[in-house]
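Take a look at the structures below.
Here come two complexes built around subunit A, the first alongside subunit B, the second alongside subunit C.
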Partner chain A sequence: MTVKDFVQHCGYRILSCADRADKTEITGVYVCDLLSMAMARVKDGELWVTVHTNINIVAVACLTNASCVVIPENIEVEEQTVNKAAEKGVIIVQSPHTSYEICINYHLKKSESGNG
Partner chain B sequence: MVKAAVDLHIHSCLSPCASDDMTPNNIVMMSKIKGLDIISVCDHNHTGNLEAVSKAADEAGILLLPGLELETSEEIHLLCYFPSLESIFNMQSVLNNYYLNIENREDIFGPQWIMDASDRPVRKVEHLLTTATKLDLYSCVSLVREIGGVPVPAHVDRSSYSIISNLGSIPGDLHFNTLELSRGVSKEDFLKKYPEYADRFFISSSDAHDLGMILEREWFIELEKLSIMDILEKLRG
Partner chain C sequence: MSSIIKKEYDIPANDFSLAGEASSNVRKLLTQLGVYPTVIKRTSIAMYEAELNVVIHGNGGKARVEIFEDKIEILVYDEGPGIEDIELAMKEGYSTAPDFIREMGFGAGMGLSNIKKNSDRFVLESEPNKGTRVYITIYLY
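== the complex of A and B ==
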């Protein structure tokens, strides 16, 4: 499943690097709001859900090679963060759902894709 | 009494997010030009440039309050001020056991240089300094105080890396006398939102990551006399 598949399925909004969304595969999900923990634990290609919108999320996404960062509950993302993400090739997605619901949506979409 | 012009939160080139020209001598000379009386270089989780800054400050006749911006395991930024290089290096030797040891990616975060007193690069710190340590807030506060230092929560008004953003409030049992506000945030504005902290002493610093950001003579602390012990007492309360 690509970032585009997932985002379109759920009706989420891509804030940066939309042109990369159909080329970027999601390999799994990691949810964590401690940046230090995410830095150490997000695996290659994972979708990372965090309420942080600080510019440092871009650095964490680069460092871990996350497929995208999903911000839950329509939390507003600073312009500085979006600009930095665009510069570094990081896809940031904004979702109206809670972190829990984002995970559920991913799981449902994945099961659906898995069943053909 | 003296009114000391201070900037108690400046980053050197050891902090990966700071400019390369934040060398010990550049920081001290810029502070001198700006007319500051006391400065504190507080790098993220490391004291590696303080010896060089201290030498430069001695020569320039500026007082250096040895400091450190520690990130606790809760990702709270805590400024830690100490009476001497000896005491802050004791803190460093304890801190060495509490790093997460995530390798620094210079292409993303920038280099972490330790310099000598002539601004010559000595070595780079290899593990990433702009991340949490394994020290939790309560352990960190007692440790700093045991070693004779004064912990001050950094930029408490901010929505990231501050004690209020991460814990919801400032726990009373930690007895912080002093709180740091971000540059440009007035005590009055902060207290409108958080009147419960009206009894605290507030400092405002630059959190400078480049030379231009270092404060002018714009923030003053009244002291009995111009000394490190006096300013430390003022912060300790």
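== the complex of A and C ==
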């Protein structure tokens, strides 16, 4: 499943690097708001859910090769963060759902499409 | 053996908009050199954590990166307040980061152990009022 497949299915909004969404595969999900923990645990290609919107999430996503960062509950993302993400090639997605619902949606979509 | 590439980066104090620039540059450099992705990831994570420590605790500092045929050597150093109890600082979950840093998602007390886990060799030197030096070695193969 690509970031585009997932985002379109759920009706989420891509804030940066939308042009890469159909080329970027999601391999799993990791949810955590401690940046060091995310840094240590996010595996290549995973979708990372965090409520943080500061510029440092871009570095964490970039260094861990996360497929995208999903911000739950329509939390507004700082312009500086969006700009940095665009510069670094990081896809940021905004979702109206809670972190829990985002995980459920991923799971349902994955089961439906029968692939990762 | 002399290094193939030698780079030095300034790490400004308390500037989170630039935090991670040095490790991001090194990541790009290693990608261009065709280094194994797992080595790139370990190097960038270790360096990013060290860089952030300098931003948060060290009042700014420098990073020196040397790439050899078989390894990467990184020295991240500052002339900040230093670490009083290194053993305690190394303990996962221990952090002296102030509240505003924690609100940004840092200060989990995992930085130093993350560096150690991702390095093949890790040396931390620090003394109160004499700054901190973190030496990281990562083998390429």
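Here is the rule we use: the second predicted complex is superposed on the first by the 114 of 116 C-alpha atoms of A that agree within 3 Å, B and C clash if a C-alpha of one lies under 4 Å from a C-alpha of the other, contacts with A are read in each partner's own complex, and residues count from 1 in each chain.
Operating definition for what follows: contacts are C-beta pairs under 8 Å (C-beta built on N, C-alpha and C of every residue); 3 or more make two chains touch, one makes a residue touch a chain.
As the structure is a prediction and not an experimental result, all values here were calculated from the model.
Touch criterion met: A:L35 reaches subunit B and subunit C at once.
Look at A:A18: by the touch rule set out above, it reaches neither subunit B nor subunit C. Once chain A of one complex is fitted onto chain A of the other, the partner contacts of A:Q80 are limited to subunit C, with no touch recorded for subunit B. In the overlay built on the shared chain, the residue A:D44 is in contact with subunit C alone; subunit B does not reach it. After superposition on the shared chain, subunit A has more residues touched by C, the comparison being subunit B against subunit C. Touch criterion met: A:N65 reaches subunit C, while subunit B stays clear of it. In the superposition on chain A, the residues of subunit A contacted by subunit B and by subunit C overlap at 34-36, 39-40, 52, 54, 56, 59, 62-63, 88. By the touch criterion stated above, subunit B contacts subunit A in their complex at residues 71, 73-75, 100, 102, 105, 108-109, 128, 130-132, 159-161. Those residues of subunit A that touch subunit C in the shared complex are 33-37, 39-40, 44, 50, 52, 54-60, 62-65, 80, 84, 88.
Contact residues of subunit A toward subunit B in the complex are 34-36, 39-40, 52, 54, 56, 59, 62-63, 88.
Within the complex formed with subunit A, the residues of subunit C that make contact are 16-17, 19-20, 23-24, 27, 37, 41, 44-45, 48-49, 104-106, 108-111, 114, 117.
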